[in-house]
Amino acid sequence: MQIGRVVGSVVATQKDARLTTLKLLVVQVHDHENRALEQYVVAVDAVQAGTGDLVLFATGSSARQTELTEGKPCDAVVMAVVDSWDVDGKNVYEKWR
Amino acid sequence: MQIGRVVGSVVATQKDARLTTLKLLVVQVHDHENRALEQYVVAVDAVQAGTGDLVLFATGSSARQTELTEGKPCDAVVMAVVDSWDVDGKNVYEKWR
Amino acid sequence: MQIGRVVGSVVATQKDARLTTLKLLVVQVHDHENRALEQYVVAVDAVQAGTGDLVLFATGSSARQTELTEGKPCDAVVMAVVDSWDVDGKNVYEKWR
Amino acid sequence: MQIGRVVGSVVATQKDARLTTLKLLVVQVHDHENRALEQYVVAVDAVQAGTGDLVLFATGSSARQTELTEGKPCDAVVMAVVDSWDVDGKNVYEKWR
Amino acid sequence: MQIGRVVGSVVATQKDARLTTLKLLVVQVHDHENRALEQYVVAVDAVQAGTGDLVLFATGSSARQTELTEGKPCDAVVMAVVDSWDVDGKNVYEKWR
(Lines give C-alpha, C1' and ligand atoms only; values in the text may rest on other atoms or scores of the structure.)
Protein backbone atom coordinates (compact mmCIF):
# COMPACT_ATOMS: atom_id res chain seq x y z
CA MET A 1 0.00 0.00 0.00
CA GLN A 2 1.01 3.60 -0.27
CA ILE A 3 0.02 6.75 1.54
CA GLY A 4 -1.77 9.50 -0.37
CA ARG A 5 -3.84 12.61 0.13
CA VAL A 6 -7.33 12.88 -1.34
CA VAL A 7 -7.12 16.02 -3.47
CA GLY A 8 -10.25 15.75 -5.58
CA SER A 9 -12.68 13.55 -7.45
CA VAL A 10 -13.51 12.55 -11.01
CA VAL A 11 -16.93 12.58 -12.67
CA ALA A 12 -17.59 10.18 -15.53
CA THR A 13 -21.03 9.27 -16.81
CA GLN A 14 -20.04 7.28 -19.91
CA LYS A 15 -18.43 4.29 -18.21
CA ASP A 16 -18.37 0.52 -17.93
CA ALA A 17 -21.63 -0.76 -16.44
CA ARG A 18 -19.87 -2.38 -13.48
CA LEU A 19 -18.48 0.95 -12.33
CA THR A 20 -21.83 2.63 -11.70
CA THR A 21 -22.19 4.18 -8.23
CA LEU A 22 -18.49 4.00 -7.36
CA LYS A 23 -16.92 7.24 -6.19
CA LEU A 24 -13.63 8.04 -7.91
CA LEU A 25 -11.06 9.98 -5.93
CA VAL A 26 -7.95 11.78 -7.14
CA VAL A 27 -5.20 10.79 -4.73
CA GLN A 28 -1.77 12.41 -4.66
CA VAL A 29 0.92 10.02 -3.51
CA HIS A 30 2.92 11.01 -0.39
CA ASP A 31 6.17 9.50 0.80
CA HIS A 32 6.84 8.14 4.28
CA GLU A 33 7.91 11.61 5.47
CA ASN A 34 4.56 12.97 4.29
CA ARG A 35 6.01 14.88 1.36
CA ALA A 36 3.70 15.12 -1.65
CA LEU A 37 5.19 13.37 -4.69
CA GLU A 38 4.65 14.22 -8.35
CA GLN A 39 2.55 11.10 -8.67
CA TYR A 40 -1.16 10.52 -8.50
CA VAL A 41 -3.73 7.79 -8.89
CA VAL A 42 -7.49 7.71 -9.39
CA ALA A 43 -8.89 5.30 -6.81
CA VAL A 44 -12.32 4.02 -5.83
CA ASP A 45 -13.38 5.18 -2.38
CA ALA A 46 -14.22 2.21 -0.12
CA VAL A 47 -14.17 4.08 3.20
CA GLN A 48 -15.93 7.40 2.63
CA ALA A 49 -12.75 9.40 2.75
CA GLY A 50 -13.01 13.17 2.56
CA THR A 51 -11.00 15.72 0.62
CA GLY A 52 -7.76 16.45 2.45
CA ASP A 53 -7.68 13.10 4.24
CA LEU A 54 -4.48 11.12 4.26
CA VAL A 55 -5.36 7.61 3.18
CA LEU A 56 -3.94 4.23 2.30
CA PHE A 57 -4.59 2.88 -1.15
CA ALA A 58 -3.97 -0.56 -2.62
CA THR A 59 -3.37 -1.23 -6.31
CA GLY A 60 -3.61 -4.12 -8.76
CA SER A 61 -5.83 -7.12 -8.14
CA SER A 62 -5.75 -6.30 -4.42
CA ALA A 63 -7.87 -3.25 -5.23
CA ARG A 64 -10.72 -5.63 -6.03
CA GLN A 65 -10.74 -7.29 -2.60
CA THR A 66 -13.40 -5.05 -1.08
CA GLU A 67 -17.16 -5.59 -1.25
CA LEU A 68 -17.53 -2.47 -3.37
CA THR A 69 -14.88 -3.28 -5.95
CA GLU A 70 -15.13 -7.06 -6.37
CA GLY A 71 -15.21 -8.10 -10.02
CA LYS A 72 -14.92 -4.54 -11.28
CA PRO A 73 -12.39 -2.91 -13.63
CA CYS A 74 -10.80 -1.05 -10.73
CA ASP A 75 -7.04 -1.16 -10.13
CA ALA A 76 -6.79 1.21 -7.14
CA VAL A 77 -8.88 1.49 -3.97
CA VAL A 78 -8.75 3.72 -0.93
CA MET A 79 -9.26 1.21 1.85
CA ALA A 80 -8.24 3.15 4.97
CA VAL A 81 -8.13 6.68 6.35
CA VAL A 82 -4.85 7.19 8.17
CA ASP A 83 -4.97 8.42 11.80
CA SER A 84 -1.23 8.63 12.33
CA TRP A 85 2.10 7.07 11.51
CA ASP A 86 5.61 7.17 12.82
CA VAL A 87 9.04 6.69 11.28
CA ASP A 88 12.15 5.89 13.33
CA GLY A 89 10.32 6.61 16.57
CA LYS A 90 9.07 10.04 15.52
CA ASN A 91 5.45 10.84 14.81
CA VAL A 92 5.23 11.98 11.19
CA TYR A 93 1.49 12.63 11.03
CA GLU A 94 -1.35 12.85 13.50
CA LYS A 95 -4.87 13.38 12.15
CA TRP A 96 -6.38 14.79 15.31
CA ARG A 97 -3.62 17.18 16.22
CA MET B 1 -6.69 4.13 -12.55
CA GLN B 2 -5.00 6.92 -14.41
CA ILE B 3 -6.22 9.69 -16.63
CA GLY B 4 -5.21 9.75 -20.27
CA ARG B 5 -6.12 11.27 -23.61
CA VAL B 6 -7.04 9.09 -26.57
CA VAL B 7 -4.56 10.14 -29.24
CA GLY B 8 -4.93 7.37 -31.81
CA SER B 9 -5.53 3.72 -32.52
CA VAL B 10 -3.58 0.62 -33.51
CA VAL B 11 -4.38 -1.80 -36.33
CA ALA B 12 -3.19 -5.39 -36.01
CA THR B 13 -4.54 -8.26 -38.09
CA GLN B 14 -2.06 -10.99 -37.08
CA LYS B 15 -3.07 -11.36 -33.43
CA ASP B 16 -4.14 -13.81 -30.75
CA ALA B 17 -7.57 -15.28 -31.55
CA ARG B 18 -9.12 -13.94 -28.35
CA LEU B 19 -8.35 -10.36 -29.34
CA THR B 20 -10.47 -10.32 -32.49
CA THR B 21 -12.95 -7.41 -32.69
CA LEU B 22 -11.41 -5.41 -29.84
CA LYS B 23 -10.57 -1.80 -30.63
CA LEU B 24 -7.07 -0.80 -29.54
CA LEU B 25 -6.54 2.82 -28.53
CA VAL B 26 -3.29 4.74 -28.07
CA VAL B 27 -3.70 6.64 -24.81
CA GLN B 28 -1.27 9.31 -23.63
CA VAL B 29 -1.09 9.48 -19.85
CA HIS B 30 -1.98 12.82 -18.21
CA ASP B 31 -1.27 13.88 -14.65
CA HIS B 32 -3.81 15.22 -12.17
CA GLU B 33 -3.23 18.78 -13.44
CA ASN B 34 -4.05 17.59 -16.96
CA ARG B 35 -0.49 17.86 -18.23
CA ALA B 36 0.44 15.30 -20.88
CA LEU B 37 3.21 13.00 -19.68
CA GLU B 38 5.86 11.26 -21.78
CA GLN B 39 4.07 7.99 -21.14
CA TYR B 40 1.55 6.07 -23.16
CA VAL B 41 -0.36 2.82 -23.13
CA VAL B 42 -2.29 0.83 -25.72
CA ALA B 43 -5.67 0.01 -24.19
CA VAL B 44 -8.80 -1.82 -25.27
CA ASP B 45 -11.77 0.49 -25.67
CA ALA B 46 -14.71 -0.63 -23.49
CA VAL B 47 -16.74 2.58 -23.67
CA GLN B 48 -16.59 3.79 -27.29
CA ALA B 49 -14.25 6.63 -26.48
CA GLY B 50 -13.38 9.03 -29.28
CA THR B 51 -10.08 10.58 -30.31
CA GLY B 52 -9.30 13.54 -28.06
CA ASP B 53 -11.43 12.28 -25.18
CA LEU B 54 -9.97 12.32 -21.72
CA VAL B 55 -10.53 8.87 -20.25
CA LEU B 56 -9.81 6.65 -17.29
CA PHE B 57 -7.91 3.45 -17.90
CA ALA B 58 -7.24 0.49 -15.63
CA THR B 59 -4.25 -1.81 -15.93
CA GLY B 60 -3.23 -5.32 -14.90
CA SER B 61 -5.78 -8.02 -14.14
CA SER B 62 -8.35 -5.29 -13.48
CA ALA B 63 -8.28 -4.56 -17.19
CA ARG B 64 -9.99 -7.91 -17.74
CA GLN B 65 -12.98 -7.12 -15.54
CA THR B 66 -15.23 -5.86 -18.33
CA GLU B 67 -17.51 -7.99 -20.51
CA LEU B 68 -15.38 -7.19 -23.55
CA THR B 69 -12.01 -8.08 -22.06
CA GLU B 70 -12.74 -11.06 -19.78
CA GLY B 71 -10.28 -13.88 -20.30
CA LYS B 72 -8.30 -12.01 -22.91
CA PRO B 73 -4.59 -11.11 -23.10
CA CYS B 74 -5.39 -7.47 -22.39
CA ASP B 75 -3.58 -5.55 -19.63
CA ALA B 76 -5.12 -2.09 -20.12
CA VAL B 77 -8.71 -1.00 -20.70
CA VAL B 78 -10.41 2.34 -21.16
CA MET B 79 -13.42 1.98 -18.90
CA ALA B 80 -14.70 5.55 -18.56
CA VAL B 81 -14.83 8.84 -20.44
CA VAL B 82 -14.09 11.67 -18.04
CA ASP B 83 -16.62 14.52 -17.81
CA SER B 84 -14.69 16.61 -15.31
CA TRP B 85 -12.42 16.53 -12.30
CA ASP B 86 -11.25 18.88 -9.62
CA VAL B 87 -8.11 19.17 -7.51
CA ASP B 88 -7.97 21.15 -4.27
CA GLY B 89 -11.36 22.70 -4.93
CA LYS B 90 -10.51 23.93 -8.43
CA ASN B 91 -11.98 22.49 -11.59
CA VAL B 92 -9.10 21.11 -13.66
CA TYR B 93 -11.09 19.84 -16.63
CA GLU B 94 -14.63 20.16 -17.88
CA LYS B 95 -15.64 18.24 -20.99
CA TRP B 96 -18.61 20.36 -21.95
CA ARG B 97 -17.07 23.74 -21.45
CA MET C 1 -0.26 -3.11 -23.76
CA GLN C 2 2.84 -1.49 -25.12
CA ILE C 3 4.43 -1.37 -28.53
CA GLY C 4 7.82 -2.97 -29.04
CA ARG C 5 10.16 -4.20 -31.74
CA VAL C 6 11.31 -7.81 -31.81
CA VAL C 7 15.10 -7.52 -31.72
CA GLY C 8 16.15 -11.06 -30.88
CA SER C 9 15.46 -14.27 -29.02
CA VAL C 10 16.66 -16.12 -25.94
CA VAL C 11 17.73 -19.76 -25.72
CA ALA C 12 17.36 -21.56 -22.38
CA THR C 13 17.42 -25.32 -21.98
CA GLN C 14 17.52 -25.53 -18.17
CA LYS C 15 14.05 -24.18 -17.43
CA ASP C 16 10.78 -24.82 -15.66
CA ALA C 17 8.96 -27.79 -17.17
CA ARG C 18 5.92 -25.72 -18.09
CA LEU C 19 7.99 -23.46 -20.33
CA THR C 20 9.11 -26.15 -22.76
CA THR C 21 8.43 -25.36 -26.43
CA LEU C 22 7.69 -21.66 -25.88
CA LYS C 23 9.66 -19.23 -28.03
CA LEU C 24 11.19 -16.37 -26.04
CA LEU C 25 11.61 -13.05 -27.82
CA VAL C 26 13.70 -10.05 -26.83
CA VAL C 27 11.44 -7.04 -27.37
CA GLN C 28 12.66 -3.45 -27.21
CA VAL C 29 9.94 -1.10 -26.01
CA HIS C 30 8.95 1.76 -28.35
CA ASP C 31 6.95 4.84 -27.47
CA HIS C 32 3.84 6.07 -29.27
CA GLU C 33 6.00 8.05 -31.71
CA ASN C 34 7.90 4.87 -32.56
CA ARG C 35 11.09 5.90 -30.80
CA ALA C 36 13.04 3.02 -29.29
CA LEU C 37 13.27 3.32 -25.50
CA GLU C 38 16.05 2.09 -23.23
CA GLN C 39 13.70 -0.60 -21.99
CA TYR C 40 13.21 -4.19 -22.98
CA VAL C 41 11.26 -7.27 -22.04
CA VAL C 42 11.59 -10.97 -22.77
CA ALA C 43 8.19 -12.15 -23.97
CA VAL C 44 6.67 -15.42 -25.14
CA ASP C 45 5.71 -15.35 -28.81
CA ALA C 46 2.01 -16.17 -29.29
CA VAL C 47 1.69 -14.94 -32.87
CA GLN C 48 4.79 -16.10 -34.73
CA ALA C 49 6.28 -12.65 -34.88
CA GLY C 50 9.52 -12.20 -36.82
CA THR C 51 12.66 -10.26 -36.00
CA GLY C 52 12.15 -6.58 -36.79
CA ASP C 53 8.36 -6.74 -36.44
CA LEU C 54 6.63 -4.09 -34.40
CA VAL C 55 4.36 -5.90 -31.97
CA LEU C 56 2.03 -5.43 -29.04
CA PHE C 57 2.88 -7.17 -25.80
CA ALA C 58 0.86 -7.62 -22.63
CA THR C 59 2.36 -8.08 -19.18
CA GLY C 60 1.36 -9.48 -15.80
CA SER C 61 -1.42 -12.04 -15.40
CA SER C 62 -2.83 -10.90 -18.75
CA ALA C 63 0.21 -12.48 -20.37
CA ARG C 64 -1.22 -15.87 -19.41
CA GLN C 65 -4.52 -15.38 -21.23
CA THR C 66 -3.46 -17.08 -24.45
CA GLU C 67 -3.71 -20.80 -25.22
CA LEU C 68 0.07 -21.05 -25.32
CA THR C 69 0.79 -19.34 -22.00
CA GLU C 70 -2.10 -20.43 -19.75
CA GLY C 71 -0.88 -21.60 -16.34
CA LYS C 72 2.76 -20.91 -17.15
CA PRO C 73 5.36 -18.76 -15.36
CA CYS C 74 5.20 -16.18 -18.14
CA ASP C 75 4.67 -12.48 -17.37
CA ALA C 76 4.94 -11.05 -20.89
CA VAL C 77 3.45 -12.20 -24.19
CA VAL C 78 3.57 -10.89 -27.74
CA MET C 79 -0.07 -11.19 -28.77
CA ALA C 80 -0.25 -9.07 -31.93
CA VAL C 81 1.89 -7.93 -34.84
CA VAL C 82 1.19 -4.26 -35.52
CA ASP C 83 0.16 -3.25 -39.06
CA SER C 84 -0.07 0.47 -38.39
CA TRP C 85 -0.98 3.13 -35.90
CA ASP C 86 -1.74 6.80 -35.87
CA VAL C 87 -1.36 9.58 -33.32
CA ASP C 88 -3.25 12.86 -33.56
CA GLY C 89 -4.45 12.08 -37.05
CA LYS C 90 -0.99 11.31 -38.43
CA ASN C 91 0.18 7.86 -39.45
CA VAL C 92 3.18 6.97 -37.26
CA TYR C 93 3.91 3.54 -38.64
CA GLU C 94 2.75 1.48 -41.62
CA LYS C 95 4.06 -2.06 -41.96
CA TRP C 96 3.47 -2.46 -45.66
CA ARG C 97 4.82 0.84 -46.81
CA MET D 1 10.53 -9.76 -3.45
CA GLN D 2 12.55 -6.84 -2.27
CA ILE D 3 14.52 -6.12 0.85
CA GLY D 4 13.40 -3.35 3.19
CA ARG D 5 13.84 -2.03 6.69
CA VAL D 6 10.87 -1.68 9.02
CA VAL D 7 10.96 2.00 9.99
CA GLY D 8 7.53 2.50 11.55
CA SER D 9 3.86 1.65 11.55
CA VAL D 10 0.55 3.16 10.47
CA VAL D 11 -2.61 3.51 12.56
CA ALA D 12 -5.95 3.61 10.78
CA THR D 13 -9.30 3.02 12.44
CA GLN D 14 -11.61 3.98 9.57
CA LYS D 15 -10.81 1.16 7.20
CA ASP D 16 -12.25 -1.65 5.09
CA ALA D 17 -13.81 -4.34 7.30
CA ARG D 18 -11.49 -7.04 5.97
CA LEU D 19 -8.42 -5.18 7.19
CA THR D 20 -9.31 -5.24 10.88
CA THR D 21 -6.55 -6.61 13.15
CA LEU D 22 -3.80 -6.44 10.52
CA LYS D 23 -0.64 -4.60 11.55
CA LEU D 24 0.55 -2.09 8.97
CA LEU D 25 4.29 -1.46 8.75
CA VAL D 26 6.15 1.35 7.05
CA VAL D 27 9.00 -0.32 5.16
CA GLN D 28 11.84 1.59 3.51
CA VAL D 29 13.17 -0.21 0.47
CA HIS D 30 16.87 -1.16 0.48
CA ASP D 31 18.99 -2.23 -2.46
CA HIS D 32 21.11 -5.39 -2.66
CA GLU D 33 24.07 -3.52 -1.12
CA ASN D 34 21.84 -2.57 1.83
CA ARG D 35 21.62 1.10 0.91
CA ALA D 36 18.33 2.74 1.85
CA LEU D 37 16.44 3.95 -1.24
CA GLU D 38 14.07 6.89 -1.49
CA GLN D 39 11.21 4.43 -1.80
CA TYR D 40 8.83 3.02 0.74
CA VAL D 41 5.82 0.77 1.02
CA VAL D 42 3.16 0.16 3.67
CA ALA D 43 2.96 -3.61 4.16
CA VAL D 44 0.96 -5.98 6.33
CA ASP D 45 3.12 -7.78 8.88
CA ALA D 46 2.80 -11.57 8.54
CA VAL D 47 5.86 -12.51 10.61
CA GLN D 48 5.87 -10.24 13.67
CA ALA D 49 8.75 -8.17 12.44
CA GLY D 50 10.13 -5.49 14.73
CA THR D 51 11.18 -1.91 14.04
CA GLY D 52 14.67 -1.86 12.58
CA ASP D 53 14.44 -5.39 11.18
CA LEU D 54 15.53 -6.02 7.63
CA VAL D 55 12.74 -7.93 5.95
CA LEU D 56 11.54 -9.34 2.66
CA PHE D 57 8.26 -8.09 1.30
CA ALA D 58 6.15 -9.33 -1.60
CA THR D 59 3.78 -7.16 -3.61
CA GLY D 60 0.76 -7.56 -5.84
CA SER D 61 -1.51 -10.59 -5.68
CA SER D 62 1.36 -12.53 -4.09
CA ALA D 63 0.88 -10.36 -1.00
CA ARG D 64 -2.42 -12.17 -0.45
CA GLN D 65 -0.89 -15.64 -0.31
CA THR D 66 -0.51 -15.76 3.47
CA GLU D 67 -3.14 -16.93 5.95
CA LEU D 68 -3.40 -13.40 7.34
CA THR D 69 -3.86 -11.58 4.06
CA GLU D 70 -5.95 -13.98 1.95
CA GLY D 71 -8.88 -12.23 0.27
CA LYS D 72 -7.96 -8.84 1.68
CA PRO D 73 -7.26 -5.51 -0.05
CA CYS D 74 -3.57 -5.81 0.74
CA ASP D 75 -0.93 -5.39 -1.98
CA ALA D 76 2.24 -5.72 0.12
CA VAL D 77 3.19 -8.16 2.86
CA VAL D 78 6.26 -8.65 5.00
CA MET D 79 6.70 -12.41 4.83
CA ALA D 80 10.23 -12.94 6.15
CA VAL D 81 12.75 -11.39 8.51
CA VAL D 82 16.19 -11.49 6.91
CA ASP D 83 19.05 -13.11 8.83
CA SER D 84 21.75 -12.43 6.28
CA TRP D 85 22.57 -12.17 2.61
CA ASP D 86 25.59 -12.14 0.42
CA VAL D 87 26.45 -10.60 -2.95
CA ASP D 88 29.36 -11.82 -5.08
CA GLY D 89 30.70 -13.95 -2.27
CA LYS D 90 30.76 -11.15 0.30
CA ASN D 91 28.44 -10.97 3.26
CA VAL D 92 26.38 -7.78 2.94
CA TYR D 93 24.31 -8.11 6.09
CA GLU D 94 24.31 -10.32 9.16
CA LYS D 95 21.54 -9.88 11.70
CA TRP D 96 23.34 -11.42 14.63
CA ARG D 97 26.67 -9.76 14.20
CA MET E 1 10.38 -11.66 -18.14
CA GLN E 2 13.68 -9.97 -17.61
CA ILE E 3 17.27 -11.13 -17.70
CA GLY E 4 19.33 -11.06 -14.53
CA ARG E 5 22.50 -12.41 -13.00
CA VAL E 6 22.40 -14.46 -9.81
CA VAL E 7 24.71 -12.55 -7.47
CA GLY E 8 23.87 -14.07 -4.09
CA SER E 9 21.26 -15.54 -1.80
CA VAL E 10 19.22 -14.55 1.23
CA VAL E 11 18.83 -16.48 4.48
CA ALA E 12 15.66 -16.00 6.51
CA THR E 13 14.48 -18.35 9.24
CA GLN E 14 11.61 -16.29 10.64
CA LYS E 15 9.25 -16.45 7.67
CA ASP E 16 5.77 -17.31 6.49
CA ALA E 17 5.10 -21.04 6.84
CA ARG E 18 4.44 -21.45 3.12
CA LEU E 19 7.94 -20.27 2.25
CA THR E 20 9.82 -23.01 4.04
CA THR E 21 12.40 -24.84 1.87
CA LEU E 22 12.39 -22.29 -0.94
CA LYS E 23 15.79 -20.95 -1.97
CA LEU E 24 15.91 -17.17 -2.25
CA LEU E 25 18.30 -15.69 -4.78
CA VAL E 26 19.54 -12.13 -5.14
CA VAL E 27 19.29 -11.33 -8.84
CA GLN E 28 20.76 -8.21 -10.42
CA VAL E 29 18.77 -7.09 -13.43
CA HIS E 30 20.62 -6.88 -16.76
CA ASP E 31 19.48 -5.13 -19.92
CA HIS E 32 19.25 -6.68 -23.37
CA GLU E 33 22.88 -5.72 -24.06
CA ASN E 34 23.93 -7.59 -20.91
CA ARG E 35 24.77 -4.46 -18.94
CA ALA E 36 24.11 -4.75 -15.21
CA LEU E 37 21.45 -2.26 -14.07
CA GLU E 38 21.13 -0.61 -10.67
CA GLN E 39 18.11 -2.80 -10.01
CA TYR E 40 17.71 -6.07 -8.21
CA VAL E 41 15.09 -8.53 -7.12
CA VAL E 42 14.96 -11.38 -4.62
CA ALA E 43 13.52 -14.39 -6.45
CA VAL E 44 12.70 -17.98 -5.61
CA ASP E 45 14.92 -20.44 -7.45
CA ALA E 46 12.84 -22.92 -9.49
CA VAL E 47 15.65 -24.25 -11.69
CA GLN E 48 18.68 -24.76 -9.43
CA ALA E 49 20.51 -21.78 -10.84
CA GLY E 50 24.05 -21.15 -9.61
CA THR E 51 25.79 -17.96 -8.58
CA GLY E 52 26.98 -16.09 -11.67
CA ASP E 53 24.36 -17.65 -13.95
CA LEU E 54 22.41 -15.41 -16.25
CA VAL E 55 18.77 -16.28 -15.76
CA LEU E 56 15.23 -15.31 -16.71
CA PHE E 57 12.88 -14.29 -13.94
CA ALA E 58 9.13 -13.69 -13.96
CA THR E 59 7.32 -11.39 -11.56
CA GLY E 60 3.83 -10.87 -10.20
CA SER E 61 1.23 -13.63 -10.17
CA SER E 62 3.18 -15.37 -12.95
CA ALA E 63 5.88 -16.07 -10.37
CA ARG E 64 3.46 -18.48 -8.72
CA GLN E 65 2.96 -20.64 -11.81
CA THR E 66 5.64 -23.19 -10.98
CA GLU E 67 5.17 -26.32 -8.86
CA LEU E 68 7.48 -24.88 -6.22
CA THR E 69 5.82 -21.49 -5.86
CA GLU E 70 2.10 -22.24 -6.32
CA GLY E 71 -0.02 -20.58 -3.63
CA LYS E 72 2.97 -18.95 -1.96
CA PRO E 73 3.70 -15.31 -1.12
CA CYS E 74 6.32 -15.17 -3.85
CA ASP E 75 6.31 -12.39 -6.47
CA ALA E 76 9.48 -13.29 -8.39
CA VAL E 77 10.80 -16.61 -9.63
CA VAL E 78 13.88 -17.67 -11.57
CA MET E 79 12.38 -20.07 -14.09
CA ALA E 80 15.17 -20.47 -16.65
CA VAL E 81 18.95 -20.41 -16.94
CA VAL E 82 19.92 -18.56 -20.10
CA ASP E 83 22.21 -20.32 -22.58
CA SER E 84 22.47 -17.48 -25.06
CA TRP E 85 20.66 -14.61 -26.68
CA ASP E 86 21.06 -12.38 -29.66
CA VAL E 87 20.02 -8.83 -30.49
CA ASP E 88 19.83 -7.52 -34.06
CA GLY E 89 21.57 -10.59 -35.41
CA LYS E 90 24.54 -10.38 -33.05
CA ASN E 91 25.19 -12.83 -30.24
CA VAL E 92 25.13 -10.87 -26.96
CA TYR E 93 25.80 -13.74 -24.58
CA GLU E 94 26.88 -17.35 -24.89
CA LYS E 95 27.05 -19.43 -21.73
CA TRP E 96 29.40 -22.06 -23.02
CA ARG E 97 31.87 -19.82 -24.73
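As written, the chain order gives the labels A, B, C, D and E, with residue 1 at the start of each chain.
Assume a residue touches a chain if its C-beta (ideal position, glycine included) is under 8 Å from a C-beta of that chain, and two chains touch if they have at least 3 such contacts.
Worth saying up front: this structure is predicted, and the values here are computed from it rather than measured.
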| item | value |
| --- | --- |
| Chains contacting each of chain B and chain D, listed by label | A |
| Averaged-CA centre spacing for the pair chain E and chain A, given as whole angstrom | 33 |
| Cα-centroid distance, chain A relative to chain D, in whole angstrom | 20 |
| Overlap residues in chain E, where contacts from two or more other chains coincide | 59-61, 63-64 |
| Chain-level touch network, classified as line, ring, star, complete or other | ring |
| Starting from chain A, with chain D taken as the next chain, the full ring order | A, D, E, C, B |
| Chain B-touching residues of chain A, taken from the complex the two chains share | 7-19, 24, 26, 28, 38, 40-43, 51, 59-61, 63-64, 71-76 |
| Chain E residues touching chain C - in the complex, by the definition given at the top | 1-3, 31-32, 46-49, 56, 58-67, 69, 77, 79-89, 92 |
